[in-house]
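Next come two complexes built around subunit A: one with subunit B, the other with subunit C.
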Partner chain A sequence: MRVLSVAYLIAAFVFIYLPVGALVLFSFQSGSLPVPPFDGPSLQWYAAILSDGDLMRALLHSLLVALCSSAVAVSLGFGAAYGLARHALPGSALVRGLLIAPMTVSYLIIGLGLLIVVQRLGLGLSLVTAGVGHVVINLPLCFAIIYASMGAQQQNAERAARDLGADEARVVLLITVPMLMPAIAAAFFLSVTLSWDEFIISFLLTRFDVTLPVEIWSMLRSGLSPELNAIGSLVFLVSVAIVVLLETTLLKGRK
Partner chain B sequence: MTLSRDTLRGWGFAAPALLWTLAFFVVPFVVMGAMSLATMEGRTLIWGLHLDNYAALAQKKYLWRAIIVSLEITLTVTVVSVLLAYPLAWIIAFRVPKRWQRLVLLLSILPFWTSYVVRSYAWLLVLAREGVVNKAMIWLGMIAEPVTLANTRFATVTGFVHFFVMLLVLTIYANLIQLPPNYRRAAMDLGASAFQTFRHVILPLTLPGIMTGAFLTFVLCIGDYITPQILGGNTELTVPQVIMVQLGRRADFPLAAALALVLMGIVTLAYLAFARWLRLDRI
Partner chain C sequence: MTASVTVEGVNHWFGSYRALRDISLAIGAGEYVTLLGPSGCGKTTLLSVLGGFLMPDQGRVLIGSRDMSRVAPARRPTTTVFQDYALFPHMSLRDNVGFGLRMAGQGRRLRHARADEMLALVGLGAAASKRPHELSGGQRQRVALARALAVRPEVLLLDEPLGALDLKLRRSMQDELKAIQREVGTTFVHVTHDQEEAMAIADRIVVMNAGRIEDQGPPARIYRQPASLFAAGFMGEMNRIPAHETAGVVTCAFGAVPRPAPASGPLVLTLRPEAIRIGQASVDRLHIGPARVRDAAFFGTHVRAHLVPQAAPDMVLVAHLPPDHLPGPDDVLDLVAETGDLGLFAEP
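Then we have the complex of A and B:
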């Protein structure tokens, strides 16, 4: 490697890790301002967030919304992928286009549309409405990932099972789902990460019970604080853990 | 037309996803379209076929201004991100030893997974008056007094570029490693300089990857509310910020809906401009 390449690589990594580094470092700050000089290490801000009832409730809400909405998105996405890949349906190109369409629209607009409908119908905003929104944004992704991995090799196994007398439900549950597990799991974990981090839809579609990014948002109004650093570092850690898990277990060996 | 059992069964599997998309995406979208044609009289909403909201775009300067600000920021971010990401992807693909490549790539996009809100907050921390950058520059003797970096357009652009460089490194890297090494060798053997090889062989072949990444950057950047809201201060507003203002204090949903559709119109125009390079079916 030439000197110039190494220098560029280092500069790029400094730029990429500067905000994350500052975030994590000053979460261990001992004073009450997360700016240099560093006077830690101290774990007091982590203790502060763990005993903050609102914040921990928001964290549980986020997990709940992420897991439930991802489960729904993966189930619906799998059904659509199976139906379209295994059965000759008239107009299937149109259906595929429709299922993918939400991917091309910004989250703000999807959230706004749902908010208008919910208000017109006089329904209340809650974690459920936010979850519905998260399914809308994750369904196209789940469908695309699972649809892309439906190949001929599974089809042969499905045919064999059918010839041996398995009904449709058994074929799907005992043959297709296990064979597609890597894609299904990848779709699920990707959905969980996206939903866990999602802000604008949750912001528009929740009211009293909020998710973690929304709670962090309201904490932001009072300016810089090591407490924000601590909760931010924790959120980052969870996302990274999921990504590393995905990279090391599910995608290993797939080139 | 009679439907075979097979077709019926296929629809059975696809129906829940289809119904979900219709109910929670298509219907809200249509309602939003109708809402953009409604109008507000005081605090009451009047449905109808009014064009007031679209007329307001032409008449009210702050709305027009928001569109210009959004476009300026988005174009700057897209160009700067591509220019910074391309060399990085190049170095990872061709200069970093093979066995380290995967790790370097993974590390260079890891902060991509920080949530939007947290990432913008982290930049606020870095760019604040008392923050890391100001302290470092004072310590190095580059400046005597802290300079205002946060709550400016510079901060918004920096926050965006940080995010999109990581996204673009991924798309451009994927494109670069697919290039057969023979093309480069052939060009060099035929007497092309390194620059000529890049200009006439590598660049045209990687253009689809660049353009796909640039289009994604454009779309995600112009629709984002969080980054400009946290980092940009309140001196100038982007279109998503103006939409949120309508939803909040003013509760002017018709105008918000019209602005959302204008935003979609801009994205559609961008798609048409990028379309000749995009292979979205291959994503």
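Then we have the complex of A and C:
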């Protein structure tokens, strides 16, 4: 029985991590095709991508879009969560529902909708429009995470701060935000990783300046190359780094 | 700093529920007052009205001679020690205690000095750079007190401040609160449901029930001569003896009671367990007469006994007798009560 369960565990992890493992392994391939047999290791493809101007620009764009859209999504999410958690508003259940509902809509539909709106308004496609798209998909998540962590503890501390003479701005800045920092940071980093990996919306809403996933997609059209494995590994490394950072710093203290 | 507090004709409703009924109360500057009552009696609501967290539907609140009825908590000369302490978990104790001064725009050096002074006052001078989660419940309580006092409020409001502490710690914190109040001279208004705590600490107890003030006065007066049957029952254990008024004379199962009747019709005679004594009948005593001991137990400071008086065999009296003799079951004792210790109320 025990052997079976261990075997099942191993099979599950192989299923999850084999594709990623293969991707990383063949990024060190010497030959020009990322297929077995492995004939590396070699760092030539990493050298190639790091000296590829288009790719590095796309990487910077991705970083920019991820950070800016996440900052906006977290700010809006925090504002909505604070307002809904602290004030009794008419129809607040409906507002909460509407804020979270976009999570259930596919990225393709959101992207198409935004594309139509942007075209109608005559706004050009750019990194800004892709960023707007990422705010749309990440806002429900940020709102849900921050709203869920707002409890009586912060509320009482806020009351105490007001009692001691703090105005509303200082209550939020000095008490609410620091006390909610774990949730706010978790929402921010989750939002960054989702934006960093996101393809469909970026593909639909960018034109000349593109994000990394879109650049990778256009490289794919000219066939497989270990270069793609190398850039994929780099993207994966960044995501893993963020998750590890998150788990070791922020979520560690929450027992 | 200290100031008097005057509450005039305050009424408040939560929906259709009337939480405060015609509350009028005058608290002197530097007085230690406890608001005492069962849960739901309106004592915390009244404290919220004093602190500015709740605007009363009717009535006024004056602090000193200024009308504070519509002033926000931040702008009132009051601070509150909350039931759950509400410390700021992301700040050191020094920053917690100095927070109010920071809001008042005081410079870092002065406010740190004041915070350290307040922490020393509550016995936590060495812990200024610790965080709240490193402290025990009693220590957090002290920090909350230091934080509220650091801004030199004229009135300090305490919302069941000792409710979360164990009994022994609660008793020692009571003494400490009282000592600190004497030292700083600030008016303290302390909400509690524990009548022993109220008696231990207060200059004056305000007994509340169902949104109303039932009685107010010094602890000994409230305990010995309560103004209402509710106050009598809430302040401690009580024997209730049915009585009635006929032609201006009050009588009960043990004979005539030399007291004017508060009302006609059925009455209740109240008698504290410790007011029942073993002794001989005389003019100024109510003679309960021979009573059979049902059971008796030794409590250290007294013997607690259940007694069935022969004059009223369906009645069971609780008595606290001197601890030097433990009567056995079915012993017969001759009991009396000083008439000065009796309470007499209309049957509710």
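FYI, the second predicted complex is superposed on the first by the 252 of 255 C-alpha atoms of A that agree within 3 Å, B and C clash if a C-alpha of one lies under 4 Å from a C-alpha of the other, contacts with A are read in each partner's own complex, and residues count from 1 in each chain.
The rule is simple: a contact is a pair of C-beta atoms (placed from the backbone, for glycine too) under 8 Å apart; a residue touches a chain by one contact, two chains touch by 3 or more.
Keep in mind that this is a model prediction, so the values were computed, not measured.
In the three-chain model built by superposing on subunit A, subunit B fits alongside subunit C with no clash. By the touch criterion stated above, A:Arg170 is placed in contact with subunit C alone, subunit B being left untouched. In the superposition on chain A, contact is made by A:Pro178 with subunit C only, not with subunit B. When both complexes are overlaid on chain A, the residue A:Ala157 reaches subunit C alone and has no touch with subunit B.
When the two complexes are laid over each other on chain A, the CA centres of subunit B and subunit C sit 100 degrees apart as seen from the CA centre of subunit A, to the nearest 10.
Of the two partner chains, subunit B is the only one that A:Val240 touches; subunit C does not reach it. Applying the stated contact rule after C-alpha superposition, one finds that A:Val14 touches neither subunit B nor subunit C. When both complexes are overlaid on chain A, the residue A:Val117 reaches subunit B alone and has no touch with subunit C.
Between subunit B and subunit C, the smallest C-alpha to C-alpha distance in the superposed model amounts to 12 Å. Every residue of subunit B that touches subunit A in the complex is listed here, in rising order: 6-7, 9-18, 20-22, 24-29, 31-32, 35, 84, 87-88, 91-92, 95-97, 104, 106-108, 110-111, 113-119, 121-126, 128, 130-132, 135, 162, 165-166, 219-220, 222-226, 230, 240, 243-244, 247, 253, 256-257, 260, 263-264, 267, 271, 283. Every residue of subunit C that touches subunit A in the complex is listed here, in rising order: 51, 53, 72-75, 78-80, 82, 84, 86-90, 99-100, 103-104, 147-148, 151. Against subunit C, in their complex, subunit A makes its touches with residues 153, 156-157, 159-167, 170, 174-175, 178-179, 181.
Listing the residues of subunit A that touch subunit B in their complex gives 1-2, 5, 8-9, 12-13, 15-20, 22-23, 26, 33-37, 75-77, 79-80, 82-84, 86-90, 95, 98-99, 101-102, 104-110, 112-117, 119-120, 132-133, 135-136, 139, 143-144, 168, 193, 196-200, 204, 213, 216-217, 220, 224, 228-229, 232, 235-236, 239-240, 242-243, 247.
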